[in-house]
Amino acid sequence: MRLVMIGLGRMGGNMARRLMKAGHEIVAYDRDAGAVQKLADDGAIAASSLEEAREKAGSPAIWWVMLPHGAITDGMIDQIAAGANAGDIVIDGGNSFYKDDIRRAKALSEKGVHYVDVGTSGGVWGLERGYCMMIGGPDQVVRDLDPIFSALAPGMGTIPRTKGRLKDEVDDRAEHGYIHAGPAGAGHFVKMIHNGIEYGLMQAYAEGFDVLKGKASEKLPEDQRYDLNLADIAEVWRRGSVISSWLLDLTADALAEDGRLEKFSGNVADSGEGQWTIEAAMEEAVPVNVLTTALFARYRSRVEHTFGEKVLSAMRFGFGGHVEMPQ
Amino acid sequence: MRLVMIGLGRMGGNMARRLMKAGHEIVAYDRDAGAVQKLADDGAIAASSLEEAREKAGSPAIWWVMLPHGAITDGMIDQIAAGANAGDIVIDGGNSFYKDDIRRAKALSEKGVHYVDVGTSGGVWGLERGYCMMIGGPDQVVRDLDPIFSALAPGMGTIPRTKGRLKDEVDDRAEHGYIHAGPAGAGHFVKMIHNGIEYGLMQAYAEGFDVLKGKASEKLPEDQRYDLNLADIAEVWRRGSVISSWLLDLTADALAEDGRLEKFSGNVADSGEGQWTIEAAMEEAVPVNVLTTALFARYRSRVEHTFGEKVLSAMRFGFGGHVEMPQ
Amino acid sequence: MRLVMIGLGRMGGNMARRLMKAGHEIVAYDRDAGAVQKLADDGAIAASSLEEAREKAGSPAIWWVMLPHGAITDGMIDQIAAGANAGDIVIDGGNSFYKDDIRRAKALSEKGVHYVDVGTSGGVWGLERGYCMMIGGPDQVVRDLDPIFSALAPGMGTIPRTKGRLKDEVDDRAEHGYIHAGPAGAGHFVKMIHNGIEYGLMQAYAEGFDVLKGKASEKLPEDQRYDLNLADIAEVWRRGSVISSWLLDLTADALAEDGRLEKFSGNVADSGEGQWTIEAAMEEAVPVNVLTTALFARYRSRVEHTFGEKVLSAMRFGFGGHVEMPQ
Amino acid sequence: MRLVMIGLGRMGGNMARRLMKAGHEIVAYDRDAGAVQKLADDGAIAASSLEEAREKAGSPAIWWVMLPHGAITDGMIDQIAAGANAGDIVIDGGNSFYKDDIRRAKALSEKGVHYVDVGTSGGVWGLERGYCMMIGGPDQVVRDLDPIFSALAPGMGTIPRTKGRLKDEVDDRAEHGYIHAGPAGAGHFVKMIHNGIEYGLMQAYAEGFDVLKGKASEKLPEDQRYDLNLADIAEVWRRGSVISSWLLDLTADALAEDGRLEKFSGNVADSGEGQWTIEAAMEEAVPVNVLTTALFARYRSRVEHTFGEKVLSAMRFGFGGHVEMPQ
């Protein structure tokens, strides 16, 4: 199939490459002409403007937008829509908020343009491993795009099959690494929750390693102190333990390089999905204590002190004349 | 009654003064001779050694120990016990762990010595207002000491009576600001939970004021920013709102002095009771999310970064090449 | 002053009564004619329709809307606005979301109509004690309405003054129980945070009493069990302790009636403000662990089991063949 | 090597079998004679009493104790110690608290008996996959036991090597699935933290799936509802996503069988390690919000309502006359 890829950053560029390897044709456009040229060198059809991309897109045009979520993606989709024909397909492969998907799908459908949202996990590893995809959109459109999705997906590889799936009539796309989750927004919704979980998992490991490291503290009684080798511990947990995971693999890798992680200061960013997950949970009245506390740990990591901590100090001073801990 | 006060710091000294005002006789001992002299100036019987205190104690001797919990209190009680006679009473008015009380009561009872534990709230304000006390020990001994407790307690004052208590046959000690909570350790146990709650309450206010202050942040859309007067807010909440409290009074006072609390850095100490409260809850399998998170906020306030945060940074670098937030 | 009160429920009705006591004239309207009649019996000018209310309102008309937040309040304000004249004032005294206030103020200002938002705390106690109010709106309009606000407010009463306020040139409205917090929405924003804090405070007490009650559990070693009198404990903490508060007063009252609280099942509702507080905190990247966990405890209280708990059971079964705990 | 296995439950029995497969000799003892007979059928040397086990143990005797932690393990180790000779080795392969290990190692060393603690992960899957082991004890003794540990361990298998380990001189035992973590107790300490992390990971998944499931709720606006296929979602996340893990494999399996998990009620037990992890963290003043909240979610899952929830209801009734949510 022929597909226009808009946004040739690390994600978009590599996805285009993986698609071309599978025999698809890519019309490549990015406001950075160098990125377009680089992909053209790898076999893509270069477009130096959106207009040119449109001309080369074929009919129906299939647009894969891979841009930062929010205003930038919205703006691009508006531009595409302005010149789109009925039957064209716009795919948002970025990290959009699912309610934006619902809104856009409704707006585009008035012109007969289809909208598909694709949440993608796999990060920089995707070119090689394939991309795990969660897809939202109209059933038939998603089916029609199957050659694209199956090319991007990791496939079954060496990952063992889930026992319970052997006996049932189940959608085998999931086993190949992509699902059609539901109507517009469902793909990004599932991806959003994925990221919420990711924050929780990361924080669980982070806290555990923190306690391991703290066990060498001189504040502890001498016979209860251990100077533990965190790299070895991360490694052994990868091998047969209940908590083995890909995130642990990454941790083991980082600790093998430097068991004290001294090149990292610990100012931890968050993308929007963690926050959106909490908002979704609150709309459903579902308690998500771990996901929330994981997000808040990141907030806290980015300031020297919260104002709240000063309030605590002030109260303590007020009722007991307590002066603060020395820093 | 005559009572030996051991430990003449801010708490012990003021309690002795309040007792003397009520007509009790205080034998005063502290390893700091200056503190003893100061209390003697206020009318106490000075003792320059534990031995001298014992001689002046009368019979049965009543010892009120007001020292830092742990080894220091344990050591003093051992010394007192070594020369004690059957019928003597040892009162621990500090912040001991209730399981230490249980252990000590058992040990002392073998000599016929009574042990009473008293958890005290009221801090530096107690001399004037009276001390709220939670008492553990044998029923008759606590009854016999009533003149002491009623003198230390705040009494009913101007605080309105609880409606539900008007009609019942209830222990009126609670209305006067002291209770006999149960056998050995029960006083300190109730005081420990009191402190656990205190941490939770403080953290709730702290977080709320943090959000109020953050509402001026330039990251917010301009028409959604408020530059709020925190001192006025604290003040208005003291007056008729559902969240009025003594802790809020203290906060209002601090904010009235400086709405930015700039003299406080925000390194917040914790005494042992918060931690013990969590341990007690876990022994009972009672979820105490707020009390725990309040304690952990203090831990976090005392370090620049946790190691866990570095682990998070390292993972993020591993899966996406994400570099950290600038500090 | 003359003021139209729309919505004569427990809050609106009592506020109207407090205003009339202070000499203000109330035009009373509610879709429930009985409620209108009852207030007319107490001296209000009855209006049987919005139209009639408008006629009796005087000029400029001052409308105090006291209705459930969301669509109902929005609809009423739209109706009022449709017939409003420049200079009229619309006051939303309910629990609106502050972003709705910002939106409405902008819309009304196009017609020259002023909008004022008032967050109110004090609940059913307000008629007698006065209402603690947090006000948002244009400075001059709020000043003009001062006779209304000062009549509703509790005044200084017997609550001691905050030391830090004695020496400064400060806005004395706060000491009388109401503040002008800022422009449109600021009143409801401050009230929203107030409620967020309230949830946190309540949960802190709830957890503490839970641990106290659990201390009688037969799972604990016999010499570490206490059968504590929760009513007495709540009472004693009201008297001189650091955690005294109005919420504790209410708790003491409930426990004095029944120390086991058997008439309550423990399904705890939340109004929107707790959730909005978390959202506001996330917009500011402020960690609010206690406020969030307090809200989530309410969500959890309202279901028999979360689906998440079943997921946990399923995992445990998967890796260890663990069967569940008997209920 | 010859080794006495005490406790032939699912774990002990299978470990013995895996050792025999590797050529080791097992003297098998359990108070359940049937379990002994079953293992003898598989090639073990049966012992019908501890005395007989001692006779058949050889010299030095190596004892692997695989019993429930606490009094039962303590009692067995005391019995073994009573008849032990210098140079004998006692291995506790259960889930003991690491401070118990420290105490026991000290006591046994006075008789010249060595003590080794082994924390094991892998559950019912270990016989086939091998056991991931974390070992504490004297360096030389752990080295001497290497044939045992290497036989029990999973070995490198097909799990990819950690990049950072390729270049360094590192202890290659970690890559084979076992580590010598440190002196007495270090093995169980690391295993304890492992379990603490496990709780956190499980809870993160649980909350995420809870939000996914809740997205079908009829309380949500109709165009924001998704009826998601949880089994497919779990499956797709196993394949290339950042949150793939063994725990997710188990979840996928359970959901493939029944996407509603109806055979599970959701009463979730906890073994001691979660609680001990929190205690260890508090001793180090390390904030572990996620690990704690995960443990508390289990506590909460096991009761219909907490008493704290009734306190909340009582307060709400007190300040606003709010009646409870219908269940």
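List of remarks:
For reference, chains read A, B, C and D in written order, and residue numbers begin at 1 within each chain.
What we mean here is this: a residue touches a chain if its C-beta (ideal position, glycine included) is under 8 Å from a C-beta of that chain, and two chains touch if they have at least 3 such contacts.
Going by UniProt, the chains are A, B, C, D = 6-phosphogluconate dehydrogenase.
Small disclaimer: the values here were computed from a predicted structure and weren't measured.
The set of chains touching subunit A and also touching subunit C is given as B, D. The greatest centre-to-centre gap from subunit B, using C-alpha centroids, is found for A. Remark: subunit B and subunit D have CA centroids separated by 39 Å (rounded to whole angstrom).
Averaged Cα coordinates give subunit A a centre that lies 31 Å from the centre of subunit D. Note on chain placement: the centre of subunit A and the centre of subunit B lie 47 Å apart, centres being C-alpha means. Residues of subunit D in contact with at least two other chains: 123, 125, 203, 205, 207, 210, 214, 242, 246-247, 253-255, 285-289, 293, 296-297, 300, 302, 306, 308, 319.
Residue ranges of subunit C in contact with subunit B, taken from their complex: 99, 102, 121-123, 125-126, 129-134, 153-154, 156-160, 162-165, 168, 170-171, 173-179, 181-183, 185-186, 189-190, 193-194, 196-201, 203-205, 207-208, 210-212, 214-215, 217, 219-220, 223-224, 226-229, 231-233, 235-249, 252-257, 277, 280-281, 283-291, 293-294, 296-297.
Subunit C contributes residues 242, 275, 278-279, 282, 285-289, 292-293, 295-297, 299-300, 302, 306, 308, 319 to its touches with subunit A in the complex.
Residue ranges on subunit A touching subunit B, taken from their complex, read 10, 123-125, 202-203, 205-207, 209-210, 213-214, 246-247, 250-251, 253-255, 261, 264-269, 289, 293, 297-298, 300-302, 304-322, 324-327.
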